[in-house]
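A, B, C, D, E, F, G and H are the chain letters, set down in written order, and residue numbers restart from 1 in every chain.
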Amino acid sequence: MRELLEAVADGDLSPAEAEAELRGYVVGEAGRFDAARRQRRGIPEAIFAEGKSAEQVVALAETALETTGRALLTRLSEPQFDALRDHFAATAPDATLERRSATARVLAPDYEPPSLDATVGIATGGTVDEAVADEAETVLLDAGVTVDRVDDIGVAALSRTLDQLDRLRGADVLIVVAGREGALPTVVAGLVDTPVIGVPVASGYGYGGDGEAALAGMLQSCTVLSVVNVDAGFVAGAQATLIARAIAAGRD
Amino acid sequence: MRELLEAVADGDLSPAEAEAELRGYVVGEAGRFDAARRQRRGIPEAIFAEGKSAEQVVALAETALETTGRALLTRLSEPQFDALRDHFAATAPDATLERRSATARVLAPDYEPPSLDATVGIATGGTVDEAVADEAETVLLDAGVTVDRVDDIGVAALSRTLDQLDRLRGADVLIVVAGREGALPTVVAGLVDTPVIGVPVASGYGYGGDGEAALAGMLQSCTVLSVVNVDAGFVAGAQATLIARAIAAGRD
Amino acid sequence: MRELLEAVADGDLSPAEAEAELRGYVVGEAGRFDAARRQRRGIPEAIFAEGKSAEQVVALAETALETTGRALLTRLSEPQFDALRDHFAATAPDATLERRSATARVLAPDYEPPSLDATVGIATGGTVDEAVADEAETVLLDAGVTVDRVDDIGVAALSRTLDQLDRLRGADVLIVVAGREGALPTVVAGLVDTPVIGVPVASGYGYGGDGEAALAGMLQSCTVLSVVNVDAGFVAGAQATLIARAIAAGRD
Amino acid sequence: MRELLEAVADGDLSPAEAEAELRGYVVGEAGRFDAARRQRRGIPEAIFAEGKSAEQVVALAETALETTGRALLTRLSEPQFDALRDHFAATAPDATLERRSATARVLAPDYEPPSLDATVGIATGGTVDEAVADEAETVLLDAGVTVDRVDDIGVAALSRTLDQLDRLRGADVLIVVAGREGALPTVVAGLVDTPVIGVPVASGYGYGGDGEAALAGMLQSCTVLSVVNVDAGFVAGAQATLIARAIAAGRD
Amino acid sequence: MRELLEAVADGDLSPAEAEAELRGYVVGEAGRFDAARRQRRGIPEAIFAEGKSAEQVVALAETALETTGRALLTRLSEPQFDALRDHFAATAPDATLERRSATARVLAPDYEPPSLDATVGIATGGTVDEAVADEAETVLLDAGVTVDRVDDIGVAALSRTLDQLDRLRGADVLIVVAGREGALPTVVAGLVDTPVIGVPVASGYGYGGDGEAALAGMLQSCTVLSVVNVDAGFVAGAQATLIARAIAAGRD
Amino acid sequence: MRELLEAVADGDLSPAEAEAELRGYVVGEAGRFDAARRQRRGIPEAIFAEGKSAEQVVALAETALETTGRALLTRLSEPQFDALRDHFAATAPDATLERRSATARVLAPDYEPPSLDATVGIATGGTVDEAVADEAETVLLDAGVTVDRVDDIGVAALSRTLDQLDRLRGADVLIVVAGREGALPTVVAGLVDTPVIGVPVASGYGYGGDGEAALAGMLQSCTVLSVVNVDAGFVAGAQATLIARAIAAGRD
Amino acid sequence: MRELLEAVADGDLSPAEAEAELRGYVVGEAGRFDAARRQRRGIPEAIFAEGKSAEQVVALAETALETTGRALLTRLSEPQFDALRDHFAATAPDATLERRSATARVLAPDYEPPSLDATVGIATGGTVDEAVADEAETVLLDAGVTVDRVDDIGVAALSRTLDQLDRLRGADVLIVVAGREGALPTVVAGLVDTPVIGVPVASGYGYGGDGEAALAGMLQSCTVLSVVNVDAGFVAGAQATLIARAIAAGRD
Amino acid sequence: MRELLEAVADGDLSPAEAEAELRGYVVGEAGRFDAARRQRRGIPEAIFAEGKSAEQVVALAETALETTGRALLTRLSEPQFDALRDHFAATAPDATLERRSATARVLAPDYEPPSLDATVGIATGGTVDEAVADEAETVLLDAGVTVDRVDDIGVAALSRTLDQLDRLRGADVLIVVAGREGALPTVVAGLVDTPVIGVPVASGYGYGGDGEAALAGMLQSCTVLSVVNVDAGFVAGAQATLIARAIAAGRD
């Protein structure tokens, strides 16, 4: 601890970095940031932007960047993304800003990406499922997992699904994203011997719309699936990361 | 009308038969029986036994037998079936009593079964769907439709489904019965060019159980289906009968 | 196959047309388009515009037009329709653009419309049901079915309904569209001997609003109906097309 | 008040009768009985038997009989009814015990039934609706209202409904009882100019079963109805009584 | 009928008026208007504006004015109201346009308002209930009923309620409008001997919000109430009108 | 700790008592019993009997008796109660067994009941609410709180409620128990200046039955209430105990 | 009373103040204001701004200020807040306007704030819970309660929670505000011996979103909690005030 | 294939074994048994006994035993278990019958259990969760996974949870089973870096009872979880098996 405090005194470590190290979380103006989550949980804390002001989002991203080398943000609106981009263009011009649908990452110039010896497959049923899949993909790439993604293979035209069977079977873990009646994870899980995580998407209309039929169908599936909430691409990606880490650990 | 009344006077026609002829429905002790339904609707009135006393069921069956030559009963409990069997054994020993799960028919000795030049396929996902399929099958057979039934081809083992594709494609209309997540009608309807009627079954447990996930999934299906209520085998069979009649009419 | 590839080489067939022919579906920039659906299913793939960008809608319409001779689009917003109109005015000035409420068709100049010897009746309860009926009607006309449509005959003034009984009885199949309590399909289906498909409409307010009461009432109907989801005019039209095709096939 | 207390002292009035007179309600061993309800509300307090022990039901019936001249009980189970019959056979052999389905009345020998110059019509859709209609009918008869009841006229066979139109139009108020999709009150209310009270019945199965579709349909009706809860025959009867009283008051 | 047609020929009667007389309803460009509803039902057809275009609303109002002497409109948006006002200012400058919240009436100059010898009380719980009460009040005034209205007497401050008890008891029928937990109709109905119609209002938030708790509480009330759907002020007013008519008829 | 272990060695303390002292909870054959709950939480752990076998219930009661001087049990079935009575009659004949509806206490002979200088009022709407109130009352008495209970004062006869206002106002905290529409807590809380805890009861039928309307109404109340789950008499009693303790602490 | 009226005559008391004194509530243009609520209930009437016009909000605030010395407003939109500020800047420049999220107070210059010898702790799970906590805090401060608030201690990083345990244990009453799965109140209530009021927050998405999971989890909690509706910060604050008053009364 | 058929001819292979080998599934009298599931899916087909007759259960178990060397059965009732035991006692006296709550396995004498180098931890919140955990445990043991189970560590007494943290952290995968508010998986998943599968249990009462609150809370968790349906111990166990297999494969 003395060492740490001396590093702060010498300016080698910011007070926030030291707080993160000592207490695990950092108390900033926009709340307590769980900087130790990756150490403790194996997955980083993501900043869920929905319902926060652009200022709060930027402040949290700054704390994340400072204490963990990068920030991972989900459910960003356009104005929030713009504020983020403008802020870091001004304050951290060397940082890299990546975007995938409503998800983004800010990477410090010296950030060294991890790498995991495991592959997670992501399959989607149709065009409307892609933003949710993007959320999952971002988390996986952030963790250094290899992602093999196949879009638009819904069961309405079953040959689209079956044509991709070999790729689906090649992954260590599968995330299958589907809206409407959500039958794709059930059909896929009946054909592969890897763990499948189903992600219902809030598409559809009328009874069972907004992902309710897809969620119910996945929970009720006559095959073996585990499930995350409607549109919860981040959770699916993080859970697949934890599984991939365990698999990769055995491979080392 | 004079003729009809003279037939009653001569004992060639019972008063109930004449009432059925003249008014369409018959007012019996257990309610108004819609004797003209087959003429008007193309499908007979079925006696839905659930919630009725054994006496009411027997009285309605008797009226049906007298005015339309046979009675069709659904959702019979064991005691109701026993009462029916005992009653007709005593009062109409020549009548035939057929049973299929909770569904039964009583046929007058001189009942001439109709015949329709059309085939309706019935597919079920698993063992628990069979009683519902039996209800549909009884109505179809009663109407003289050819039934081609394939049981236990749920998508958890997709090869079971695909192995039966030729038979499924051979029917004029398909009734697909499935519980749990109810994905079978969606998969089948994506592969055939005949009308498919989905029937959700009240199986499953937890969220979406009791047929709710199956119903939602069928209504939300990304293929083309029409749907009946959970466990409504009779309605599916009757609707398929109406379609089969229209198809057969063109064939004559 | 050689022939096909030579046609591509000669420029008589576009690569997309050849892909559609060989693989069934076409992989375009906005996803996999199921070009073989009409062959396999008897009904074309419709482009469901809701939740897609105008660019995606236009790209899919172009693929559809190129590989199947026409594009069928549902749930178009005004901006999506404008983008469509502007795009084809510029790129395919000979194509015809038809619109019915939020539904549209783009027809190649050499598109030869099919014709089916069957009539589908469409009845609506009130003014708010008409856009849903338009969706169904577009699919039916696209398939060459004769449509007999009667609007605004809800049961609140029962004589409006009964006055149209002869027309309703004259159709081979009936689509009955109703919101609020959704009693119209029940009343109609009790009076005709053709298959009736009920379409609940998302009207009404308070308990059972947004089509829930209508859907529940149709599923629970004491007559024989099959049902599609709330506002699912396309599904009802497509299902009626499949029935009409089967009937017409017998007539030939 | 002195008079009252002297009557108690003389044994002309029981303490409970005096308490009812003075305080409105009577505190007995099974709770506070609202003896003044008919005076205050125009309708008597009914003893809702469900969830009470047979002893509580008997004790409340005794208090009601003593303080208001008769007891009105609903939702009686067989054992509760038997306990009631046995108790009054022993303790009040002159009292009359009437039963209609699960509803009963106990009448003191000197009970003078009221009479109201108004007619309430009760219509039911089918056999399963009759017990609920019986509950309504008991309350109306208890209030001296003339009841005109027509059973089993559901809209599946519309002629059954229309044949009774004149009787339905002849009543001052209508109670229309229906389960399943509950369309009967909507159809009837579109054809008469009297107030219609809809009573949903807990029949049906699957989605919208247990009276939910009927309730939703009546609340959402495109005609004018007021509604009571599922199976609430007592409430419908009591509300119709209040309307009938107001009408009859004008006629005097 | 000859007479009628001669009146048309002479220009004394418009074709629409004649059609209304002969057929009951009028087929206009915006649908079938049920011009005979008041004759048949005792209450006029109201034009429910929600979900209709301003053009449709105006066209229906014109038909109503022409065939019944006045138009009654509910759920008008500002643009719809403006279109209405502008249209009639131009085409029928003598007509009167009345407005109450989102409800309006257009009266022909020679319209003779009816008068009924009966009083309907309207009570509201709070400020947010008033627009719904306005809808009810408009229908009642249109029918010539005397309205006695008391606002803002919710049970949170019970003395506000009890202070108005005499006025509430003075009405022939009561409409009680309340949101949130909807306890007001229960408390009022326990204190008066007139029929009470409860109207839940879509206020509140969280669980049971949007009028759901109020509706459930009124249907479940331990007193006697009949109920209309959430926000259904028109239905409550029309039902109270039918009761008031019956009462007034007896008084004549 | 040495002392404790010596006491065990000397037989002055059972191993379970020592474990409770040292670890807070005791691991018995039927699970971990939270013996330190009263110390930590101010309220004892109650044994919720529903879903447990009679053997498990008895074993947990024994552990509770041994380590805390008494056992508190809720939701006991008759067989569970009988097993309890028989067990302690045999093994602890000096212990006292108290019962109140489905709730019971077993008290060691040397158990010294606590006493708190505070009064909690309990009010119920009707007879069916009493068992839930008994559950609350048992917890309060166990904690030494003075309970003032008033039964059967539902708002259907408002004078029953208002007559008890002085007693209700006299308590430090109020628990108000009501089923059906659950209006009683709202009316009471509008009239007193003490904290009111509403307890919905699973009575009623149809829409909003099983306590749903009562719960929604209490959560949506226009007065100030906090609420516990349907039938959660124990939770209400325990929460009132915590409040009473805090009040009494101030009084000392 | 004479005194009061003389004060009005002398101009020492406004008519509204006198009405408030005599009748308890004041009838203003925007409804009846319950000026006596603090006297009767111990908590002031708050003006719930949602669904009211800016004019109504201002009028009610003015009545409140005039009759009770200050106005307390919740759920203010920006335009409503602006109208309030502008109005009082013009008409009561000496008054103080305080704001906390969507909650505000207007204080007359001579308003003497109360003071209570009790502390209420407020804990929140995350950033999105803070506006709801602000609503509770405003009510408590208005009542003179000491508030100890700890933000952002959700259980996803349990050390954030446990680090604050001493502060949480130090309060007399705890309000715990949490969205998503709402586990924080359960964890906290298991560790403290003070009454805990759980406040679910309308965050989250998909199944159980909008506070539904949090509400269900708090009602179902295996610890002892009482609960208010989703986002009901005002109710939680007012209930905690009532408890704090009772505790403080004992301390005096 | 010739070899296989020769083995059948020689009696070395039963026809069912050969069918299983050739077609993947076996068509028996009680349906199609998916004998190849373990090969294809990595997990065996389990026989879900609920809703099947004892005869069907026995027949399926026999087919499973014959073609895969053992049968795995879930949700067995007592009579079904008895039929199973009696049947195999008579027909396969050498087979071993194991039972764990409602789950059972029948093992052929020559069945060689697999072994996997991986550990799955199972944690339960309380006594009522144990039968669901037993279902999961059976599947895991059947697959040769090491199971480390910790019961009764619900968060109401948080020290029970934290005391077991080291064991929880030691597993490769965690299954956390909890009813009521279901907070245990959220708390655990915040403290470990392994994948956690949450299993809601159908305990609790009132709002959110029957596992609904637990399911919603786990789907809505602010930590990372994947979830299976309420009471779906088998699915959780099978999913954990698939993950454990992948981990173990890396370790070899």
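Structural remarks
By definition in this document, a residue touches a chain if its C-beta (ideal position, glycine included) is under 8 Å from a C-beta of that chain, and two chains touch if they have at least 3 such contacts.
As the structure is a prediction and not an experimental result, all values here were calculated from the model.
At the interface between subunit B and subunit H, under half of the residue numbers appear on both sides, which makes the contact a different-residue one. When the contact pairs of C-E are matched by residue number against E-F, B-C or A-C, over half are shared only with A-C.
Centres computed as Cα averages put subunit C at a distance of 54 Å from subunit G. In whole angstrom, the spacing between the mean C-alpha positions of subunit B and subunit D is 38. Here the spacing of subunit A and subunit H, counted between their Cα centres, is 29 Å.
For subunit E, the set of residues touching two or more other chains reads 40, 126, 156-157, 190-191, 206-208, 212, 215, 219-220, 223, 229, 232. Pairwise chain contacts in this structure: A-B, A-C, A-G, A-H, B-C, B-D, B-H, C-D, C-E, D-E, D-F, E-F, E-G, F-G, F-H, G-H.
Note for the complex: subunit F touches subunit D at residues 126-128, 151-153, 156-157, 159-160, 163, 203, 205-208. Touching subunit H in their complex are the following residues of subunit G: 125-126, 154-158, 180-183, 186-187, 190-191, 204, 206-209, 212-223. Those residues of subunit F lying in contact with subunit H across their complex are 23-25, 27, 30-32, 34, 36-37, 40, 50-52, 56, 200, 202, 211-212, 215, 229-232.
Residues of subunit A touching subunit H in their complex: 40-43, 172-173, 189-195, 197, 215, 219-220, 223-229, 232, 235-236, 238-239, 242-243, 245-251.
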